[in-house]
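Presented sequentially are two complexes of chain A, the first with chain B as partner and the second with chain C.
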Partner chain A sequence: MSALGGGAAGGEGINPTASLIALVIVLVAVAVVFVVYPAALVPLIGVIIGGVLISFGVHFVPVGGAPAAMGQAPGIATGVAMLAAGGGLAGLFGGAWAAEFGIAISLAAGAIGGGLLMAITCLMVNVVYVYAMGIPAASGKVDKDPITGDTFPAYKSQGTEGHGLPFISYVGGVLGGLFGGMGGTLIYYELLQVYEEALPSFLGTTEGMTTLAVSLAGIFAVGMFLVAAVLTAYNITGTIEGPHDPKFKRWPRAVIGSSAASAVCGLFAILLVVI
Partner chain B sequence: MEEILFGIGISALAGALATVAGAAEDTESDIGSQGDPNSQVQLAPQMGYVHRIYNKAVSGEPPAYGLWVALAAGVAWALMAIQFNAILALVIGSAVAVFVQGVYATTAYLGRTASLAKFEQPVYIDILKSVTSVTMAHAFVAIFATVTMCFLMIEALGHPFPLPLMGIVWGIALGAAGSATGNPFYGKERQYQNYPFGAGLPISASGDIVRYAEAGERSSIDNGWFTSKGAGPASGICFGLIVFFELWRTILFEPFAAGWGAVIAGVVIIIVFMVIDRYVETWARNTYGPYNTEEAAPEEEAAA
Partner chain C sequence: MSVKIEASEGGMPHDTMLGIGVVGALVCLYIVYLNSLMSTEVFAFFGGLAAVIALWWGTDSIKTLCSYGLGTGVPSAGMISLGSGVIAFLFASKLAGISPLLVPIGCIFIAAIIGAILGFISDKVLNMNIPVMTRMIAELTIVGSLTMLGFTAMVSGSFIFTDLIAGSVSFLGMEVTSYAASVIGGCVLATIFMLGAIAIQHPFNACLGPNESWDRTQMCALECGFLSMLVVAIMSVAFLSLFAVVISFAISVILWGWSYSEYIKLSKRDAFAWLDSKPIREVGGE
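Entry: the complex of A and B
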């Protein structure tokens, strides 16, 4: 119970009514697309899966927010949605570049692009902590690194919850980048297919269509990425250390929410060119 | 072969531009106090510590840089569409974006600082005059370098994104890399310079930022001087490595295995960075050692 007498915030439970509403929203969006423009049904499902991948991936990213900037808490010293967006959009850059090779390579390139940004960023975070600030990595949520077996309690400086990026958080960051990059690229790729097919008949010309299709798909992918990432940031409420953090167990809730949000955004993105 | 060499040259140039952009971005955000450490600048007057530090964190660095770089890219793109010289268009686009940054910085400083009036924190007009132009100058370097890098990716390497979209993507990535790498150095090492080196800041000390310099009160411009020796170059290297490896692996390895070559190269690069990170982490544990013994730590926690 909070100080104001309301219910406790957060928690890991799933609200059945809200989940049902989310499911209905997804089904309605799919049904509308099926009726209006059946060719876009598979792309819409791809967009929803993309949103789900982004949302799931954001939970892996170790974000310490403001406390991390003073070495008071572990993680990367920036916002959840922002860091995930950085990684995911770098992935989108790679995925869009490889789109001509087909969906498999495009998705893999997107995932690697996001993972690479996170791998380099997380390394530089640890380099700054270790070589510029003289602070070793220590988790505040677990006593032992699940991967390396390093113990943390003795490496936490007094009065802090830990600092830096332990190896499990590093791996979490890379995984988050991989999922985010893949999700963003999937949304881009699927929307691009719809636009390339629908735009010429919609506008009655093929001149400059490729640029328009790429631009529209790209900006919608960026927008939907931010929708899924910000929704997930609300689910995380503040900071998270990575896959070993108890907050990680909240992911099903964000995934349900993001699937509904992606379905609605995807529906509008498709209706834009078919109505 | 010639095409690959050309591509690698462009990758190196883009990486160099990204390095400059990352360093300028972080220094700009530290002078303007835009990253997460600004929570302490905002908190300090509420704890009774009135200061003369700039305060413009009404937005995170990634969306702010997403806006400014996209704006510069959009203006440059429009000018190029009416046959302006590309370099001139990029300069004018960046200049327009910097004016927006200046308006943003001014209103953010006035708004955030005025909100602390009840804690007797004054709004210093001389700070507004002296620091805003310094953040604008650094922002120009960061924006121009990033938008030029985006232009190279499209014109020389053939990426399908139009310039404004590329500006959003790399602007947000620039802000993410710069804030992630640079924030702890500005937050812990500079704002809490009087606390012991080699340890995190105790949570109970929050708000007690350093407010005085060798002579008089500390200025935000001095914060830029300090962080440009550590956090700035680190952020530059971070963003430079991201851009260079992203382009290099694609240019060099995409022709292999029907496109899978770039993916495999990316996996190898990620694993190499992972190994380096593990080395850095182990080095710190072995060199610095624990703060206290393993047995004492849980007891202390229980006592607390």
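Entry: the complex of A and C
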């Protein structure tokens, strides 16, 4: 579903030189933080892991795009960036609410929030597909559902790539929400630790610092989440059915790319309290 | 490598639009700084104008990028633009500690660095292999950061970090500094973020198609920008004097009304051109 009907880009395989440069960018970012503000080294690594979790998680989400809205492709009928933002931000809000209870509960709350949103979305998408559009769930990429063993070819309409939301895609969507929500919450939590520690000494007061730290960490987490999600969307180029789709095998390069992007964005977010 | 498909013929060259966008936005942002020099707030609306100029240029960047077929739809480019732009903008606002005059120009440089890295990642690491990708993602990051900077300057009358985190509330008739009642503490930034994101991702997404025309898309960009500016003007009630808010609001309403009526005229013109049904015009590509 490219904008103007042009052929979607995005070849297979990993570009070794570029991936090496991306890893060097990660190391440089970590080294810079280690030199100028060693206390933020662990948070930066947390931010990078958060970006990697988001990027890996987005690959699970069944994205159908415009063809899915017309019942010509399986998946949820919207773009990768929108779905990831929905699931991830729901997780982020859930996790942010639980931030005061420590990292484990916060991450769990974030994961549940993201997973819950994707579960409800997938359920309602299937209700609309089955009862409103009158189409059965059939995958175009595999003949048999890897979990339930349902067969698809007999139900797939001619001229389509499949339609509806098979069970494996549903499971993929929930898994994607879990990873995305956890990643977004991890970025938020780590940045919150940095700001709560650094802002009072920078401004010389503790009054209202929590609000400020929450706002700064929140807006940075949203920004980084969208960067990681859109880069992953570019990696997928359009539609994906879930973990059984051949495009799922592209995840390593999205993980490399997102770790470099999160490292650069995290570096600037942390340097904010240094200069 | 993907094939380029010309979106629309004619119109201004992209490099000229880049020049107008950068210079226009910078000039408007430096005019906002007159607020601090003259201790007034009436120049706040120039921040909104800076954001609209940046959005006008950014719409053409999105058009250039998306004419290669990203496969993910137009809005994703708008989301990465604002997502990376907000990081560059917040970092740049902190540069005011060195010199306030450094903020707008520093914002452009930092956004260019972040954008170039993100563009390199999407083009080479993710194997998109689109020739203009690195440049356009860098441009979009600059547009996103200038939009955030412009709208933030409009809502608070300043783009200096220490001003953005300190608001004031009156308590028993006394003005008390409150960090919670500030632009960043009150998380007004989140609203500005989405207002900017809608304004950048909508115009080309709405106008694309075989009969897309340059002036209609750019007018839609102006219309979306002024509409966001109108909401920002209403939000600035919390931070600015009533006189400055009324000026911002009046200018936003007038400009939005003008751009909306122009956009409707252009839409009617393009619709009339398609009055008799014709085969879809092939404008290039394969």
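General observations
Throughout what follows, the second predicted complex is superposed on the first by the 264 of 275 C-alpha atoms of A that agree within 3 Å, B and C clash if a C-alpha of one lies under 4 Å from a C-alpha of the other, contacts with A are read in each partner's own complex, and residues count from 1 in each chain.
In the analysis below, a residue touches a chain if its C-beta (ideal position, glycine included) is under 8 Å from a C-beta of that chain, and two chains touch if they have at least 3 such contacts.
Only a predicted model underlies this, so the values are computations on that prediction, with no experimental measurement involved.
After superposition on chain A, the partners chain B and chain C collide with one another. Of the two partner chains, chain B and chain C are each touched by A:V222.
In the superposition on chain A, A:A90 makes contact with chain B only, while chain C stays out of contact range. Once chain A of one complex is fitted onto chain A of the other, the partner contacts of A:S157 are limited to chain B, with no touch recorded for chain C. In the superposition on chain A, A:G65 makes contact with both chain B and chain C. Once the two complexes are laid over each other on the shared chain, residue contacts for A:G51 go to neither chain B nor chain C. Looking at the shared chain after the overlay, A:G114 reaches neither chain B nor chain C. By the touch criterion defined above, A:R253 lies against chain C but remains apart from chain B after alignment on the C-alpha atoms of chain A. By the touch criterion defined above, A:P43 reaches neither chain B nor chain C. In the overlay built on the shared chain, the residue A:M82 is in contact with chain B and with chain C. The clashing stretch of chain B relative to chain C, chosen from 114-122, 150-158 or 294-302, is 114-122 in the chain A superposition.
Taken together, the two complexes place residues 65-66, 79, 82, 85, 211, 215, 218-219, 222 of chain A in contact with chain B and also with chain C.
For chain C in complex with chain A, the residues that touch the partner chain are 1-5, 7, 66-77, 79-80, 82-88, 90-91, 94-95, 97-98, 110, 114, 117-118, 120-122, 124-130, 165, 178-180, 182, 184-187, 189-190, 193, 204-205, 208, 285-286. Residues 1-15, 17-19, 21-22, 25, 65-66, 79-82, 85, 203, 207-209, 211-212, 215-216, 218-220, 222-227, 229-231, 233-238, 253-254, 256-257, 260-261, 264-265, 268-269, 271-272, 275 of chain A are the ones touching chain C in the complex. Looking at the complex, you find that chain A touches chain B at residues 65-72, 76-79, 82-83, 85-87, 89-90, 92-94, 96-99, 101-102, 105, 108-109, 112-113, 115-117, 119-137, 148, 150-151, 153-167, 170-171, 174, 210-211, 214-215, 218-219, 222.
Every residue of chain B that touches chain A in the complex is listed here, in rising order: 35-37, 39-40, 60-63, 159-162, 165-166, 168-170, 172-173, 175-177, 179-189, 191-192, 197-206, 230-231, 234-235, 237-238, 241-242, 245-246, 249-250, 254, 258-260, 262-263, 266-267, 269-270, 273-274, 276-278, 280-281, 283-285, 288, 290-294, 296-298, 301.
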